[in-house]
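One chain, subunit A, appears in both complexes that follow, with subunit B as partner in the first and subunit C in the second.
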Partner chain A sequence: MIKKVQELAKEYFVNEKVDVIFGLREKNNHVAPHIFKKVEELDNLVVSPKYPLLYNCRPSKKNIIRLIEEKYPNIKIGVIAKGCDKRALIELAKREQIDMKNIEILGVACSREEAIECRCPRPYPNNLLIGEKVEGVFEDKSVEDLLNKSLSERLAFWQYQLSKCIKCYGCRNACPLCFCQDCAMEQEEWSKTGEIPPEIPMFQFIRFYHLADRCIECGECEKACPMDIPLLTISKQVRRDVKELFNYESGLDIKQKSPLLTTLDETPMKEGVNK
Partner chain B sequence: MFEPKILGFCCNWCAYAGADLAGINRNQYPPNIRIIRVMCSGTIDPLYIMKAFQKGTDGVFIGGCHIGDCHYQNGNHRAKKRVAVVKKILSYLGIDPRRVRLEWVSAAEGQKFAQVMNDFVAEIKRLGPNPLKKRFKA
Partner chain C sequence: MMEYKNVLTVCPYCGCGCNFYLQVFDGELIGILPCKSHVVSQGKLCIKGWNATDFVVSKDRLTTPLIKKDGKFVEISWDKALNIVSEKFRKYSSDAVTVLSSAKCTNEENYLMMKFARAVLKTNSVDHCARLCHASTVVGLGKTFGSGAMTNSIGELENADCIFVIGSNTTEQHPLIARYIMRAKEKGAKLIVADPRLIPLTQFADYHLRQRPGTDVALLNGFMNVILNEGLEDKEFINKRTEGFEEVKEVVEKYNPEDVEKITDIPKELIIEAARIYAKAKSASIVYSMGITQHTTGVDNVVSCANLAMITGNVGRPSTGVNPLRGQSNVQGACDMGALPDVYSGYQSVSDENVRAKFKKIWNTELPLKTGLTIIEMINEAAKGNIKAMYIMGENPMLSDPDINHVKKALENLEFLVVQDMFLTETAQLADIILPAASYAEKDGTLTATDRRVQRIRKAIEPIGESKPDWQIICELARKMGTQGFEYSSPAEIMEEIALVTPIYGGIVYERIKVIGLQWPCPSKEHPGTPYLHKEKFSRGKGKFFGIEFKEAAELPDADYPFILTTGRIIFHYHTGTMTRRTEALNREVPIGYMEINFEDAKKLNIVDGEKVLVKSRRGEIEIKVLETGRVPEGVVFLPFHFAESPANALTNSAFDPVAKIPEYKVCAVRVEKKQKDITKI
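Right, the complex of A and B next:
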């Protein structure tokens, strides 16, 4: 599997389809994103273990592809993208954070085991080049548990979970789609600064709402959280709701605009979904 | 007796004028609502709604123009979509989504404004105080 990815990447290089390859590299038993500039380097290319490719780098708050594009506008970038990376790329391009015209996507499928580990419903990109489509995970125990709770139980549950928050901003920093230059989570008027835990549930609500129409269910927020707050539970369910309300799924089609930015004539809303 | 505090965001062109008309016509409605005039229901950031609950408001009312009558063409379309999503998130966090109400009230509907207020205040009284308020007093 990994040999095939390396071969394909080398082929892209040799045929000059791309100038650089952006993917994961293994070095000294560590995996990290790397920009491959030479063919020989590609022997260290890996696809697992999973590591986020498209988080926004501090302090510029721009993702790596955007930084490359800004510095070298004419360079062709090949991206080794798994399902979630591809969805992130599409959402970022839709929101004008990156330019897709210089990007060549090498789609790689995840294995069933990886899909189960990530609770991913769509563990393959839609332009799959290497690997086979495996079935995603659609049933999620944490979501079912939450939905089976009454309102007061949910409140108590989140009161406990969110009181663990140490306000490290890990969820936001790991998220490929949290790219705002002025983040509402840092602003005094929304959530008081200098308090731990931050206001419950205001602090996390900011992300839940802002990601309602863009969450791609990569689960990086939850993986990044040092206090193990189940952040993906709400984002997952809200994504399902957005699909039910507007028949819209983020990260699939670059031409499809977010329903929260369009009028009711452009994307109608299904009535009677709210309980 | 529990007297709820309700925050109302009313759009300048319809709902606020409707509230004004309710006053002029002397239509009676409970004094539990505090109205904030905004230019359009589309300006209401969902964070305002959450922050209101965080600060202890028992209910949030949002008044806008009827669909198709928006002074800014389609501001109320956005408000409708956002409120639908916010209600969902609030329900998962354990806040009753009925505490948020979005209504279309035109400038000529003073009677309707009073009616909606009576309804909403009665509903909030039934639901009881905002659960976030209780937790933070301790």
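Right, the complex of A and C next:
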């Protein structure tokens, strides 16, 4: 499988379909995003569902593709994208955080086992080039368990979980879609600054509301949490609500505008674009 | 052509040793990525780690050497600056010069600094801020176990059956270690927290023992009293692995729970139940930090923790032990490297002739015999005029040391002060020459985390301005002074020398630690490192018990100064704030200092939340905003020490532990006064 990806990447280089390839590289047993510039480098290219590609750098709040596009507008970038990476790219493009015109997606599928591990409902990108589409995970045990509890039990559960928060902002920093210049989590009107745990539940929940139509269910927020707060469980429920209420799913189609950005006269609202 | 790279390195803040990637785009730092494959951090970080690039690119960075002329700093070339420093240093006798090394610098730099002190300046008076945090640990665990370091590994905490946290606000000071305590708790471990304050861990604790500050020995003796009384001790372990048990038995017999309640203010039932839980656990870990060490009885406190662990056989197995948490990225390493007045690297005594002969041979120079001065003694001697010159690397005693009015007088009394730092700190402002140092992001080297894990930091960007890595500055200065043996081409080469002369680091080479760190002792190139200490035998052979009697703190509250002041750190800031107060995300959380006071006390003093008050001790006074809270009990106030405009250490007592010479930051007496309105201004 990885050989096929490396070969495809090589072909993109050789046929000059792209100038660089953005993917994961393994070095000394550690994996991190990397810009491959030469065919010879591709031996260290890896694909792993454990590692996402897109982070918003801080303090700029821009992702690396955006930074490259701004500084090198003519570079063609190939992106080795898993399902979650692709959904992030679509959502970022939809919200004018990146421009897809210079991007070639090399779509890679994850295995059923990997999908189960990530609790991923869509373990493949919509323009799959390598691998086979496998079924995603639609029933999430943690969500079901919670929904079977009474409201007061659920409240107690979240109060306990959120009381562990140490306000690292890792959930936001690891999120590919948290690119706002002015982050609601930092604003005193939502939760008081300088305290741990931060105000329950507002500190985390203002983020979930804000991401209701953006979240792509990659689960990076939960994976970044030092206190193991089950944040993906909340995301899944919010995403499910948005789908039921508006028949909308983020990350699938660039042209599909978010219902939460639509006004009553049906002109889409313009989202704050980072300058 | 565009360049994007992710450089794996170690977080520059506390001793957890978390790794992350510095993201670099065309030579500029653009952010931080967590490292999911790292053994401790596992892709998670605290707020300080996530923001550890801000201060690196701060506009306040020192970019050229500076010299003070007519009270003002002016730029000077490296060559001239080093010439002046070397001429001055040559002028003074070896008894008149002292050196402060840095727990924020690499192992290689600390090794070079102690080599510089001993081989170039010919003095053993080299010390660093471990004196102010874990000097009691080095002494206390040294004499009981034979090794003054964390016995077990961070990750092992997750599998303990009982964790006893005493004097460590782990969540705020070592967030990624708190992660493993919380994971243990969620797996069913019992959590006992002894702390005068409510801290984030207390809400999850099975037992919160709220001792009066400074009464830890009594509490720990009380635990052992209960354990022996109920026959819960590990007799086999005591017989086979330890010595001196009768001595401790005799002492703790006197500390029955009723009497301990009177000393500590902890209800005796809680002491009895918590002691049982700790003793009955299959593997129980003690976790401690400054709440244990920063007392005039710091060594006594540490020894008492060791006594308790040995009496129950909780040493030498996974998920047990006595686990001091080191507060700085390389405070463990700075100690390991011998930036201490009585030992060379690897805790090899300066008074041991064989050791001295070994270093003399390898360094090819004469070495001083006399044990050097500790920080507090250096300051006292400088105040008296006996110390004429000081070389301070990456430390800020003007904010971190106790009784800073006295520190200021002492440093001003010096004839010549060199400060090597990234910023114009409160200490650097008093310097005659300032040498601009590069940050962790601009150099290679190794740091040793709290669980003895030696890991690599890697250069991500070029040094800012004309700043240089500390190791290069020390080497250049040594060469200026005409000393051989400072011709290293890289930190890796310095590590080769460290491994050669330091048995516990004998197997540490850069190639081996490129993937994963190694935990000392690692005596040979084939040795896999040591996740937990004292497995079959203690480092000193048998574990040694000491009977320890309870003693009160040096300064207790009285009618004039009725409150106990205790000091510490908060999660959003770090030490003297040189890094965190130059970080936007952290300043947004907590922009200025505050003092915690109990609601009832505030009511009695007629002061309200947010009001500015005067806090006075016998040594100084500060003005500070009040935070009314239940976090501190009545009669106790708490001050974070990060804030230069309201410095906690203007108030603290420099009285120190007689052996470890660590000052008593955790207890002194203060008075809180409502500010009188200035009528003339109305």
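The working rule: the second predicted complex is superposed on the first by the 261 of 275 C-alpha atoms of A that agree within 3 Å, B and C clash if a C-alpha of one lies under 4 Å from a C-alpha of the other, contacts with A are read in each partner's own complex, and residues count from 1 in each chain.
Just so it is clear, a residue touches a chain if its C-beta (ideal position, glycine included) is under 8 Å from a C-beta of that chain, and two chains touch if they have at least 3 such contacts.
Computed from a prediction, not measured in an experiment: that's the story for all the values here.
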For the combined arrangement obtained by superposing on subunit A, do subunit B and subunit C clash, or do they fit?
fit
Report for A:146: first if it touches subunit B alone, second if subunit C alone, otherwise both or neither.
first
Go through the superposed model and pick first if A:72 touches only subunit B, second if only subunit C, both, or neither.
second
Subunit B versus subunit C as contact partner of A:112, first or second or both or neither:
neither
In the superposition described above, what is the shortest C-alpha distance between subunit B and subunit C in Å? Please give a whole number.
11
Overlap the subunit B and subunit C contact sets on subunit A and report the shared residues.
none
Touching subunit B in the complex: which residues of subunit A?
146, 151-159, 184, 189-190, 199, 201-202, 205-206, 208-209, 212-213, 233-234, 237-238, 241-242, 245-246, 259-265, 269, 273-275
Within their complex, subunit B touches subunit A through residues 46-47, 50-51, 54, 67, 73-74, 77-78, 80-82, 84-89, 91-97, 131-132, 135
Subunit A-facing residues of subunit C, complex:
1-6, 8, 21, 23, 25-26, 30-38, 43-47, 49-51, 54, 171-172, 175-176, 178-179, 182-183, 186, 200, 203-204, 514-516, 571-572, 584-585, 588-590
Note: in the complex, subunit A contacts subunit C through residues 20, 28-35, 37, 50-51, 55-60, 64, 67-68, 71-72, 75, 163-164, 166-170, 173-174, 186, 193-194, 196-197, 223-228
